[in-house]
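Order as written gives the chain letters A, B, C and D; numbering starts at 1 within each chain.
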């Protein structure tokens, strides 16, 4: 459904550094995603930017994306919920959230004047279509991201994602219920390409790649498992880049890159690999997202390119 | 076939720190793997320790494991073959090796008085059984590791691993050809549990988990792909630990842990998660493996445990 | 999270503690915390996360934190000339105390949040006693807590109008008690839900936003 | 790989180059390299790999390397008091040269491996000329190469009995030429096959074991 006139692949002549702009001119950060204009290609990754963080980084993000919401409230997993790993972290939050109704009451806190995306998760295709139906009716919601890949919920998204057939089923149900709102399918790294193809077949407007990697932290001193959860952060960037790259070759819908983005150069790498927009997750905990945008702008200034010129240009 | 009296799971009473040894006593590093006694639970990961490295770390490794060998010589992939990533690296060597015949002529260089394992890869089940047949005849070879998961060979191991049915087929063929020598199946992280179960059904003596993760490095300055290859190093440790942990619950054969092991504590974590022995790969490039063994011995001294007591003790 | 690069103005050892001081404009409540990391960490993502520390004191534009070296993060911070710090976060001790003498208690050497609190109480003329559970190497910290008593356990606190505690543990029933907790944190600003503290009524609160100071009776494990 | 922790004895700037000196017992061939990383890197795995540097000089138990800051690794090394170094590795320049005057040429500022080579040639009384392709900021390095000429290109070298080159590029046909290459390395000791250099006869050699100095005609891309 949503194939923007995207991916201005760089023609060989352009690659060499043509289209240089006059020094000092502003850079063009705009990208188009599913018919929406994002004034920057940065989007918060679901579950990593609370409303305070979103408000504190006003101007940085081209769209806003709060934590995944489920039909009913969820208390989440018992602590410990975090572990630090080399160049990364593991979390096992367990989708703590107040449920879709309470969430919708507080939605205005996320309104910063840019398109608002909402992330949803359920245990059955019915849950997803219920959630999409609820959001379809609300004009504030501009797109819906289906979290099909949360590794921290025992019966949940993860299993949809593991089997392309169920990705297709869930996405199709969600698209139908969303009543024309773009539906994004967020997939795990495992089976990303098949999942992206299934999502495309089922009418997804875009795919988000990737969610955290299934991971474990062991506490050697106590000789016990500290945490089973999802690995995020710079450690997983090379895996995420690979998924984006392979999916770009396999599907025609746009890709939101996600996983370990922590610098302006990382943003460029994801776009070159095929992402139309890039999500910032755990890096937001350790850096100011405005710095990441500043670095990315610097990259565009040096190369003389517009943000959208980068999309898929490394292929 | 090979179920050592392994996994002395710690009984609750023992966990608390009983069996303390008199201070200063040496530590017991021995483990039993597939009927072989390893004087330490450390093994080099295939492809990361050339003969110079193996010789330089004499005494550290309980077994030796050279680079994967294929039926015919392979020149490997064109450069660049390496990229550095946060807390890790990507390689795309492409199984450069002189072919099994030349390899066997030089095998004695790897004899340091500990059991010698040989890693093999092919493109068909027939290749694997050919290689195993060739090695079965050689008394110097004590076990065979099937590389079923190399992400750098276009038609190759990776695809066997992706589908449990073909893991089973290849392992069965290899076991038959190996004439009683223990056969280890080295699997990717993706589908590790199903792969391990398939390998067990087919008669594998053990599984090695995990190989590198499929990854990509983009060169933002040149706006091109630098490298598609496999991610290794501390970055992937949490993913490898998770695979070992899940496989320990799913299969009865021993597990060789591999992926990001870089400190003595890491060795302990893998054993606690269920590994009987632990492979050292990229960390050998940046640290002296003797230091890793020293740290691990220190850990055993502090906890008062024998190496084998750790196996699976976090379950 | 927004970090500010500052130069460590002074560094002092008090037994196993170190006091780091850096310039800081702005106000703070006793019990709030800051996130800190070595400035060198910015070009390295290992370790990945910044570390939370209670505000120890703030006077004349100088912030101090009291740290004990535990692992890599604290070791790096302790030896860095330049550090990156967040603004103070979280909910500190609430000053709405009943009239009467109050007790300040620190469990297992977690004295840091009590320093600014005790200075503020003093300024406001609130009578108080300070009880500190300290290891031998921590005793030099008494310099900063004049009149404080070192104790093994806190005995009977039932005569006090309120208890301000730092560090988890049982509290006397019936006395209003506020307690500062330490939970591992990632974002430190309410985004990640990683710092969950179980609530008496079920569910979890976030130590970084609803805490780190809680009414003791609200928590499930006190 | 075995690393040795050493203290940087001195550090000097020569234009965009820096010379680092550290104590080292043992011998070395011109053209060999060492792996170096900041000692602080040992407790951090980001950056992960050590970095290769040509041996610049070795005299009286003092090793020197010449480095230019390129990225994170070199920046960390340049500013570290303590570094970790490997022993010298690889195959250097072979001294079996035909009689006659020889040329030493450095492409794009890659002068480092020529320093010890030129000193050794001098000691053995071999007549030689040195030609260096330098950027403006690199010119101060001439202090360490007395008599060397700065050139844009190397002109006609056909009169020389042999050429010792540093840095890739076309070499005059018919003259024996040894060339030092730079390929990214992981293990630096022949284990990983990551530093592959294409050979004229097909296949690859490892820069860290069969090189970094090769006979130019053996390589595919010269």
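In this text, a contact is a pair of C-beta atoms (placed from the backbone, for glycine too) under 8 Å apart; a residue touches a chain by one contact, two chains touch by 3 or more.
Nothing here was measured: the structure is a model prediction, and the numbers come from that model.
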Problem set entry | Between subunit B and subunit D, the fewest steps along chains that touch one another | 1
For this session: Identify the chain pair joined by the greatest number of C-beta pairs in contact.
Result: A-B
Seminar exercise, completed: Per the C-alpha centroid definition, the whole-Å distance linking subunit B and subunit C comes out as 45
For this session: Could you tell me the distance, in whole angstrom, between the mean C-alpha positions of subunit A and subunit B?
Result: 34
Problem set entry | Distance from subunit C to subunit A - Cα centre to Cα centre, in angstrom | 35
Seminar exercise, completed: Touching at least 2 other chains, the residues of subunit C are 45-47
For this session: Mind pulling the residue numbers of subunit A that touch at least two other chains?
Result: 83, 85-88, 233-235
For this session: Report the topology of the inter-chain touch graph, choosing from line, ring, star, complete and other.
Result: complete
Exercise. Subunit C touches which residues of subunit D in the complex?
Worked result: 40, 43-47, 72, 75-76
Exercise. In their shared complex, at which residues does subunit B touch subunit A?
Worked result: 10, 15, 83, 85-88, 90, 190-191, 213-218, 220, 223-225, 228, 231, 233-239, 241-242, 245, 260, 265, 268-270, 272-273, 299, 303, 310, 313-315
Problem set entry | Contact set on subunit C toward subunit A in their complex | 1-3, 37, 42, 45-50, 183-198, 202-204
Exercise. How about subunit B: which of its residues touch subunit C in the complex?
Worked result: 86-87, 234
Problem set entry | Interfacial residue positions of subunit B with respect to subunit D in the complex | 47-50, 52-53, 56, 67, 75-89, 91, 93, 96, 233-235, 262, 282, 284-288, 290
